[in-house]
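Following this line, the structures themselves.
In what follows, subunit A forms one complex with subunit B and a second complex with subunit C.
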Partner chain A sequence: MFSGLREKVGQVLVPGDEFSLEVQETLSLTEPLKPEKVLLGPGLKRRGDRKLLVVKSGVLRHKQPHVFWVENHQRRYVPAKGETIIGIITVKSGDVFKLDFGGSEQASLSYLAFEGATKRNRPNVQVGDLVFAQFIVANQHMEPELVCVDSAGRANGLGVFGAGGLLFSVSLGLVRRLLRPRSDVLSDLQKLFPCELVVGMNGRLW
Partner chain B sequence: MMEVCGSTNVSLREFGCEQTLLSRPDGSASFVQGDTSVIAAVYGPAEVKVSKEIYDRATLEVLIQPKVGLPSVRERSQEQCVRETCEASLLLTLHPRSSLTLVLQLIHDDGSRLACFLNAACMALMDAGLPMSCLFCGVTCAINADSEIITDPTAAQEKESRALMTFAIDSKEQRVMMSYTKGSFSVHELQQCIAVSQKASENVFQFYRDSVRRRYSKNL
Partner chain C sequence: MSDSKLSKNLLRMKFMQRGLDAETRKQLEEDERRIISDEHWYLDLPELRARENLILEEQSLVSCEDLKYGRFSFKGFNPEVEKLMVTMNPKEEEEERQEEEVSRMQTDVTDEEMALRYESLVGSMRKKFTRKKNQASEEGDTERVSLKRDQASEEGDTERVSRKRDQASEEGDTKRVFLKPQD
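What follows is the complex of A and B.
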């Protein structure tokens, strides 16, 4: 569909590179028209109706069947819905906690968004605690919102943690490599010594 | 595009660049043109003061530090040139109510200072992973007493020139994004200098591509 997009997979692209949509010269009357879909990940943006623009410098990657994205060495985290992060509670005011996760503003976490929390049974969270939470609202227009419970109401690993332990800041690329299904870094680490690891996609590691 | 006069030479000094050399900022780059050397650092998108926040765009702040002394009026005017160029090429609407800070430190000045600031800024913004619609580069032209156009002049050549011009050129259509001129020159000479700068910018953009390719070569 986008000429040259598949050819450029694995190559280094810079901002300003454009891909344009091929216009089909002849339409077949016997075969149904198959609409082709392309899913754009980070680093690629749609410009107008027929153009694709590269906005970050990096390597173009492809995942079957039709996902494309640009992989780069970014250090700053930008929140995205559904990602799990490690946040530090900074403010505890009334019904809402404010968390610092390393982004441009602080995220809010309601006290009811914990497993088994009710108005009477408040969770035991103090300022300075580490929280492993998931974004439910994360776009550029609104304040990011986190929850410590999944859609079924169970904690599933989310929540307050880390009474003893160390928090490290690492690059986003290392975090993605650790979270891969068959991660080489993680398997090497496990061979060295057994450890309990919490990996936040905002570049924080506990 | 204007015809380039036979007596011009589109020769640029040796380039050098390094990305991610500082550990604290989100993106950093150093750019060397001959003996002129600049380090750029980018922080962002980060928290912004309520007084400075813009509701639909990111707030870009540029700080230029000279080699000795405190920043003065000359640095302020150069900051404005760099900021306008960056704002034209960055996609600021993707990070509203955030701040982007660009700090440029002059290490050594041997002519073409503003062009070197622009080049270092572009490489640092790319290194930080900020979304940009196009790349930009800076090219300086000087017209000397014999009305010859010299690209990328040294400090000595700048001193004996009768006109000095710096243009910021974008990578998609080689158009002029920003111009900063000093001295006296005719309209025809201005157009010639723009044409020469557009031609020279191709070398700079090819250098950007090669640097980025080398940087990601371990990932390929």
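What follows is the complex of A and C.
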């Protein structure tokens, strides 16, 4: 059904390329006809019922069974729900912190979204601190919101981290390469010397 | 008072309906229900069915590329983060299978071991139930025991339990032995 897409895996696509997912021309009589689902990652958008549109220029990648996305070079981060990022606290106003994560606007982080925080027991966060947080609201219509706690209320490594150290800005592609399951860069870094590393999906490394 | 002077609402009240038959009561209920359902509004549209969308969109790259957790610690710099790395990252399937095998071998007892243990267990249990005077003859007498066992297998249990003195004479013939399970 999406054989047209499969052929292009590994090739360069440009914004404006369209793919139409056609119905199978030959139906097999033995197997039941199952509509195959397609999961589109970043770089591909749905247009109409059975058409795909490429919106980023890059190489088409594929993962079994039916995930496609476009891999491109990018330095500007666009927030997406569920991603963990490194943010810098800029404003501490009332019940809410404002964080700069390198996006078009600042994200808000409630002071209750930390592990073990209550109205009386406020988290110890100052302006200028580095925070490792996760997006819960991240779309083009609303202000992005972050939390430092998972759905069960546990921190799991999120929250304020480290005094000292160095913060770098890198491209999003490097972040992807570091966080891949079998990453060469990471295995080389491991052997160097004892250190700690925090990688934010917004292109920041600490 | 005749019925025509009483209002409808009054007639619908509970105390007025106690005298009515079941049929007339049902009639009244149905009329009420019809009035209420007539007042409901309906849309005059054909039945619409939302089609299952075959194309799903996903914004985040984390699930596309199976990216790992963002905090790392190398060579034990931060032990808490090392623990987090183990718990947060999805385990690979091969490692899981190996771990399972190793743990199984350590905890379970193999069949051979079990058979060996059981043989030695039989010998030690048998010794436990023999009297002192029979201990000397016991060691060389395994064959006689096995012959007698067939005869006395059914009696053996009851004898052991009752321990009657008059059966002391039979001890020489049917020893109270630890009986192996017969197939």
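Just so it is clear, the second predicted complex is superposed on the first by the 196 of 206 C-alpha atoms of A that agree within 3 Å, B and C clash if a C-alpha of one lies under 4 Å from a C-alpha of the other, contacts with A are read in each partner's own complex, and residues count from 1 in each chain.
In the analysis below, a contact is a pair of C-beta atoms (placed from the backbone, for glycine too) under 8 Å apart; a residue touches a chain by one contact, two chains touch by 3 or more.
All values reported here derive from a predicted model rather than from experimental measurement.
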Clash or fit, subunit B versus subunit C on superposed subunit A: fit
Most subunit A residues touched (candidates subunit B, subunit C): C
Vertex subunit A angle, Cα centres of subunit C and subunit B, expressed to the nearest 10 degrees: 150
Touched partner set for A:K45, first subunit B, second subunit C, both or neither: both
Subunit B versus subunit C as contact partner of A:S57, first or second or both or neither: first
Which superposed partner A:R180 touches (first subunit B, second subunit C, both, neither): second
Touching partner for A:S110 - first (subunit B), second (subunit C), both, neither: neither
Touching partner for A:R76 - first (subunit B), second (subunit C), both, neither: first
First, second, both or neither for A:S20, with subunit B first and subunit C second: neither
Gap in Å between nearest CA atoms once subunit C and subunit B share a frame through chain A: 12
Touching both subunit C and subunit B, counted on subunit A across the two superposed complexes: 45
Residue ranges of subunit A touching subunit C (in the complex, touch as defined): 21, 35-42, 44-46, 50, 52, 61, 63, 67, 69, 80-84, 132, 138, 156-157, 161, 176, 179-181, 186, 189-190, 192-201
Subunit A-facing residues of subunit B, complex: 20, 26-27, 44-48, 89, 91, 93-99, 126-135, 170-172, 208-209, 212-213, 215-216, 219-220
List of subunit C residues in touch with subunit A within their complex: 52, 54-78, 81, 84, 87-88, 92
Touch list for subunit A against partner subunit B, complex: 10-12, 14-16, 18, 43, 45, 53, 55-59, 71-76, 78, 103-105, 140-141
